[in-house]
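Okay, so here's the structure we're looking at.
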Amino acid sequence: MKERIDPNLYNDLEKFGIDVGNWNECYHCGNCTATCPLTEKGSLFPRKEIRFLQLGLKNELATSAEPWLCYYCGDCSKKCPRDANPGELMMSLRRYLTSIYDWTGLAKRIYTSKIFEIATILVISLIVMVLYLNFTFFPSGEGAWTGNDGGVLINKIAPWKRIHFGDWLMAGTLAFFLITNIFNMWLNIIVKDKSVKVPFIAYFTEVFSVVINFFTQKRFNKCDNDNKPYWVIHLFLMLSYVMLFTMIVFFLQWFQTDSVHPVWHPQRLLGYISTIGLFVGIIYFINNRIKKAKENSKYSHYTDWTFLVMLFLTTLTGILLHFFRINGMAQATYITYLIHLMCLVPMLTIEVPFSKWSHLAYRPFAIYFANVKKSALKKQVKL
Amino acid sequence: MDKPKLKLAVYWGAACGGCCVSVLDVHEALFTVLEHADLVFWPIALDIKYKDVEAMPDGHIDLTLFNGAVRNSENEHIAKLLRKKSKILVAYGSCAHMGGIPGLANLTIKAKIFKRAYFESESTINPDNVLPQTHYKVTEGELELPKFYNDVRPLDQVVDVDYYLPGCPPQTERLVEVFLAIVTGAQLPPKGSVIGVKEKSLCEECERKKTENKLIKKFNRPWQIQDDGETCFLEQGVICMGPATRSGCGWRCIKGNAPCRGCYGPTSEAKDPGAKMMSAIGTMIDAKEPEEINQIIEQIEDPAGTFYRFSLPGSMLRRKICKNT
Amino acid sequence: MSYKPTIVAFLCNWCSYTGADLAGTSRIKYAPNIRVIRIMCSGRVDPTFVLKSLREGADGVLICGCHPGDCHYHEGNYKCLRRYHLLQKYIQQMGIPKDRLRLEWISASEGKQFAQLVDEFTESVAKLGKSEIRQVMETLT
Amino acid sequence: MSEKKLTAVFFCDTRNGQTDTVDIPAIAEYVKKIPDVAVIWDSKTFPTSYINKIVRKIKSGNIKRIVIAGDMPGLVKNTFTKAMYLCGNNPKDVILASFKEYGAVTKADTECAKAITACSVLGIPFELAAVPDENPGHPETLVIGGGIAGIQASLEIADSGNKVYLVERTGTIGGHMAMFDKTFPTLDCAACILTPKMVEVGQHQNIELMTYCEVKNISGEPGNYKVKILKKARFVNLATCIGCGICVEKCPTLVPSEFDSKTTMRKAVYIPFPQAVPNKYLIDAENCRYVKEKKCGVCVKACPVNLCINLEEKDEEVEITVGNIIVATGFKIFDAAKMEQYGYGKFPNVVTSLEFERLVNASGPTEGKIKLKTQNKKGNWLFTKEGKEPQSIALIHCIGSRDIHYNKYCSRVCCMYSLKLAHLVKEKLPESQVYEFFIDMRAFGKGYEEFYKRIEHEGVHIIRGRTAQIEEKDGQLLLRSEDMLNDDILEQKIDMAILAVGLEPREDADAISKMLGISRTEDGWFMEANSNSDTVTTSKGGISIAGVCQGPKDIPDAVAQASAAAARVIQSIITGKVKKSIKNLQLENIESKAKQLSNVI
Amino acid sequence: MEEKRIGVYICWCGTNISLMVDVETVAKEMAKLPNVVISKDYKYVCSDPGQDIIIKDIKEHNLNRIVVASCSPRMHELTFRKTLVKAGLNPYYFEMANIREQDSWVHTDRVEATKKAKALIAAAINRVSFHEALDSRSVEINPATFIIGGGISGLSAALEIADSGKKVFLIERSGRMGGHVADFDLTFPYMYSAQQMITPLIQRVKSHQNIELFLNSEIKEIFGYIGNFESTIHSKDGKETAVKFGNVIIATGLKTFDPSNIENYGYGKLPDVITSFEFEKMLLNGIIKTKDGKEPKNIAIIHCVGSRNKNYHEYCSRTCCMTALKYANQIRCELPKANIFDIYADMRSFGKGCEEFYTLSSRRNIKFLMFDQENDLPKIVSANSGDNCDMLIEINEKLTGKTIEVPADMVILMVGMEARENAKEIAHAVGISMCGNSFYIERHPKLDPVATTTNGVYIAGGCQAPKEIPDSVAQAKAAAARILATIAKGSVEVEVTTACVNEDFCCGCQTCIKVCPYTAISFDAEKKVSVVNEVLCKGCGTCGSGCPTGAIKCKHFTDMQILSQIEGIMKISHLELQEA
């Protein structure tokens, strides 16, 4: 099939990246692809992605899963003889693809406009505040406000049911967006690719590998050896996040109690472990980005910072919340709870379907789709 | 006059006899010769038997003029015999020199010659299909006849030859000069020399007008041109062997308005007269395209006969390759 | 085993000999039956040389010169061409198969063509078998 | 005389990351004073990306001519030509004042840059205005470097009947070319074509060959250079050595042979290679035990010639006077160990192309048989005749070239010599698999493309893709490369990898450039006077450059350039004059000459 | 006659010969041949020690004929001739047998190769017995130089020589100097002005007191020989000038390939498909526009047009890649918003500063597409109205493996270089050879890239092979160096192996006169013999074979020498037959 070259794609995509070098400088020696420990026949990157970009083959880019298969060890950029920075291209492509999958167009706006992103966050924060003030008991009860009636009664101020309802409402909405986006991704990666016809059975046979990959991120581990701590911390962070997420979204009743459990109680233990995981991870990543220590932290897009900062604030307020609560500082607790929500909610709303968070979903699915395609291809070849 | 008289011999092998006639043609000079020499063997003129020659001591004869090519076993036998008995053996005439006209028989083979001579020629009546035999029983006993060879050879292919005196026949004047030279005891040329000739080729003597414009688009036979008697034959498209032939004959043929046919053989610098002439003719052909060249060459019907009329057996190739030769 | 002929080749210095050298520097392999004599120009090839080679028993004679129009000496190759045709006629009259004598144009850049030519010519000469002249010479009384 | 035209001068941004550049404000200040200059445009404030704005500026200023001044003003020229066209002016009135073109690079060259700009403004070619004075020239010539370029230049001059001193650092002339096995694309044996030339140099009555010597100092003026040459102690008398080689047999010290790219060992007393010129032995002071420790000295005892070997010999210095100098110092190869990913120095069978050249050479360590290295008792990996034949060999192009981390430039010869090596492997080991990994195949010269096609047909796998790394796996080398024309990634097991190392300026290039007073490019190559029309002369009068020291080139190009350098020298000998350097010229001189010319034209 | 004492030396050439030829046996067998006094084998006969052995043997064994069997005589014949001179022998008492290029390198059967070597060496031994002493002769050099072609090469060479104070005749076919360079706007890779570079050269040439300039002029033929050439310059206005000169430089340059035959590109049919040279003109005139006067939005540049493709020219034209990058940069200046597509095969940016220029260009938003110049040329078609462009280029892009459509309003074909149509005439007029691509052949591709096989005739610039400005200039100056060296010396040695007429045999038939292509033979009417002018004679030998009397002797290629060589060859063959 003939594809028309689109000279403007490069400019479009540039908006998703950081101004660091010039992908047009790539003269296609193939060093990056060969350096990459993750490339294999059938999924060659990053050189090919650069090529698609240079020639403006939008369709090729939109239908490729490869950007998600890259974990940005940065070797390709380090060894690039022309400093064309292929690693950063893959990063930018992930942003670009997120905007492609997102049918609402919000992702594109968030990724291409700093002001839009900050404004959205602020608006959502305000909405949360208004909602919180309207729908919780705060500040109606004097006692509640001061905590005079003995201890911190968080469920009185913010009854878990209501919060849970909000949780579910938000999770449902976000899940809707995310799932439709993933559907979009499926359309792009599998359906639009006419070169391979995927048999239905392949979707089942490959599920298992994806689950394993999700929980171990073993593909990430295959990346450069220098990245071992990176992989461990990222895995820990991810699992912690999932843990907390699960507790909040599914077990808020159990998690948000008015009575303080002993330290060894699984509720607290799990909470602590996850929090440590999150906090250490976030600090590690922020530190990396400040120091620009590694190839993958050298260049930071503002959305990278928003994600980290929001996550950091959420975690920090979470920790403070816990601290105030166990120390019985009711007033501080309640306010912190509000701030916590004001951080958490926009963080999730913006990040989950429209921004950086989404890689949590896109990565495993991309691997899944890639595997599905691969097995389909294998069968095709056998035929 | 106390010097002993020289002993002379003259023999003819496969020859027409013209050479012997040319010896006779010395006329009065013969007397001068005979003052100094005795003729000890000359089958055409004297009755001396082979056995007389055989009886001579080796080197007995001072000078032998051998004319004619070697065609049969008798020629060969006598050639060898005379070689043994002679101090100086001269290949006399074109046939002894390079094979001569009889040499053209090398374009065919013995069997074919016999077939033609004994069966096919128009004048032959041979109802019993008789063919020459080397041995034939008659009542007187068994006759032994010379064996007819398949090839004609010049003398030097059979025996060692001291000098060559070419020509068909050699110019008598040349012979006289040679005689006198030997008789007067002049310094003899080195062995193997061609004597009685000039070093240069015929054109040197030829008085026809020659220019550099020898470009041939068409080959002519002499009858095809209006010869003005003055222009070089080659420039008129007639193949004249003059340039490749030694002078010495006094350009007799050209004087008679016939092109030279090469009886005097090549100069000492040319190894193969026909090849040299073909080379020169090749230079003159005025065409560049193979087709055109071939078309012009087609006009030379018989290259071997043209360029090797008198020299085929003595040339590089010596004879035609025929089956069953 | 097929007959291994001996071939005498006359190569002009500028094109064909250089071409043959090129075959060498390019390590293109060809039949080993050829014996090259270098001359300055194919126009130097005197029919005497060809007849001499045949006389000495060469099974084939190859003459190579520059392509028509490319002669280093302007037109030497044309002269060679004319002599060649005349010679062909003569040797055929003398009962020598015309395939024993060949004239080809080989330029300085045609190493490969030279090798092919040698292989081809060697094969065709080998098919003709031993030189007739040599056979005759051996039987001459 | 044409009417005067109002001229605008535009100064491009010349910094390009460098700090030591010509002083633009000073030039601008100077140019302003030239009559007809209506306006100076500064790149910082000038709208080069908006042609329409330029058009307006031209029209409003009634500008008829534009001079663009800077290092590479040509890069923006067409913006202005179009603007001129749109204004209805003659686009040919856009004039370039390219500083670098005439060697104005650093702050010190500001005066020169002023002159260049002034000439452009006046419409006079700088070359016509800037004609340096001439000094009377000494007829003798110094050629530094005895590689093929030095040899060619020396012969050329010597053949004209003039004296040449050819100074060579090592014990023999021949340079890198002598080390090669074959030359592309004709596959002539390098030694076969080079040695006759070397012999000719050795025997030429007009060439004084000074091997094992170094130029220490140069003083004086163009046309009359005093050159101090260090004659390093050779310890063997050149005149009396008969080249019998007995000393070599007796010498106990083994060191790696430089000529064989360290693939073989030589003794401390040695001749670099059998065809060396002069074919006389020399003792390597650094390794001779006697010179170092005053022990040994067996060579002296063994030498059959009385007093031929003198281990007490000291370095000497001689001074010569020459009129012209040709610098032909050549290059060194890129140190492949810098690119760790290929494991050169770590894996024994990863070799440089130069080492492989020696390996395939009949006089190399294995007599020309291609073998893998074997480990000897001491644990060293060496090429020996007993080694195994490699089944598969990979050639990797662009080692150290075309790479921002090493050398940015293309080394020009690697593609072709790699193809040649591939051919040699195929010729010697027809069954072997040869892989060639390239980026762009630069087969540009006469017969090169045809050679490339030929190698392809010989069955060499020519793969587009730069090899990323070489690892060792199961005793074999494992190489990883993209095969981009087949949409594949190759993980190829090979027995031997040949790194097509690029060319670099010699370590001492900087010292030499300072000593001679000639400039170098960013990459370190010597700078020519004009990259187009004069690639052999330098900014310093009487000093020419030839061969690879000016920039990578192949043998024919180096030879042609050497002859061109010789032309300049012969010319100066014939006329008896040597041009001084352009840089000696005062600005006023150029100015007045230019004015004079502009009146004429 | 003196006794022939022949020394035979057989070279191993390292392993080049010894691998395929049993040199030791050959040496032993050759020793048995008549007149052979010494027969040796040696690793590198051409090396200094190798030559020393020959010299020593000549002196010790009183050798008077030498045969070396090694590489091609084209390689080392001169080397060994010099060796003989050193040993006090006439250099022509030497013969070489080529057992490397025409034996060991081309055969695979060691027995056969050895046999062949024996035959070739025996032939050489036979031949060398008939060698005669020939003396070198030198002729004075006319210090004037004749340069054909007023392009950058011709100008550079002319100035180099004229600045040395020597006379130069410079002829140019057209009415203006500067050649192709004068049509260029800028030069790569530093984007210097070509005009500003060539103008001073032209001005200097015009005003140079030592240069005589002939514009609109041609020559038909050059007569004479090194040091003493002469010719007549025919000017278009009918004037004829006779000139005499000592050396010739041919710098006729090249012409551009005509792409009309490449169907895919539609050159000549599609109005906005233009050649690089047409585009260059646009640049010089300051405006890039399509045939209907519009500003093109999409410009495509296609490399390798007529180059690197066996249907057109197999060779690479060397300059087009960089020129294309130059254009891309210039277009970027003129049309900052245009889309520039550079369709290339291999980016050959090999010169000094060129790779850097490529990098620089790639930063300026130029789209590089790779195509298969050999088998799969892109196809240019007119676009439809909806395409928003004039043409579409359909290309199988190699680096993506996809078929891609490229919009274009203008397509620049980077046409290759080819020899001029009159290359052959000039080659004939001067007497030099051409290679298969009609470029002139240099004497040695590596070590003598400017001389030709005809003494006194040099080639420079594009007529030898396509090349860029610096390399052309370097070559032109190299040619100048060679000429200046001979002028400085004042004389030069000339051809020794000429023909000569033996007056004792010449009969005056005059067959030879028309044979000679150099009019070296004339007829002496007084002596009635032909006479060879030995300085005009180039030794082809055609007259020698054409002479029916055998009076013309081709020195060093006499009948006897060649016939004996044939005998030598066949003797070995016969011997082997007998053995078999």
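Letters are used for the chains, namely A, B, C, D and E, taken in the order the chains are written, and counting of residues starts over at 1 for each.
The rule is simple: contacts are C-beta pairs under 8 Å (C-beta built on N, C-alpha and C of every residue); 3 or more make two chains touch, one makes a residue touch a chain.
Remember, predicted model here, so these are calculated numbers, not experimental data.
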Labels of chains that are neighbours to subunit A and to subunit C: D, E
Pair of chains with maximal C-beta contact number: D-E
Reference subunit A; chain at largest CA-centroid distance: B
Closest chain to global C-alpha mean, per-chain Cα centroids: E
Centre-of-Cα separation between subunit E and subunit A, whole angstrom: 67
Between subunit B and subunit E, centroid-to-centroid distance (C-alpha), Å: 54
Interchain centroid distance [CA atoms averaged], subunit B/subunit D, Å: 76
Subunit A-subunit B separation of Cα centroids, rounded to whole Å: 114
Where subunit A touches two or more other chains, by residue: 27-28, 82
Subunit D, residues touching no fewer than two other chains: 186, 188, 402, 440, 484, 487
Shared-contact residues (touching 2 or more other chains) in subunit E: 347, 359, 399, 515, 542, 545-546, 559, 563
Contacting chain pairs - touch in the sense defined above: A-D, A-E, B-C, B-E, C-D, C-E, D-E
Contact set on subunit B toward subunit E in their complex: 199-204, 210-215, 232, 234, 242-244, 247, 266-271, 276-277, 279-280, 282-284
Complex contacts: residues of subunit E adjacent to subunit B: 502, 504-511, 513-515, 523, 528, 542, 545-551, 559, 563
Residues of subunit C that touch subunit E when the two form their complex: 4, 6, 8, 13-15, 17-18, 20-21, 23-25, 27-30, 32-41, 43-49, 52-53, 56-58, 66, 69-70, 72-76, 79, 83, 107-110, 115
Subunit C-facing residues of subunit B, complex: 107, 149-151, 270-272, 274-276, 278-279, 281-283, 285, 287-288, 290, 293-294, 297, 300, 302-304, 307, 315-322, 325
Parts of subunit E lying in touch with subunit C, wherever the complex brings them together: 72-74, 98, 100-103, 105-109, 112-113, 115-116, 119-120, 123, 424, 428, 431, 433-436, 441, 453, 497, 515, 517-518, 538-542, 544-546, 554, 557, 559, 562-563, 565-567, 569-570, 573-574
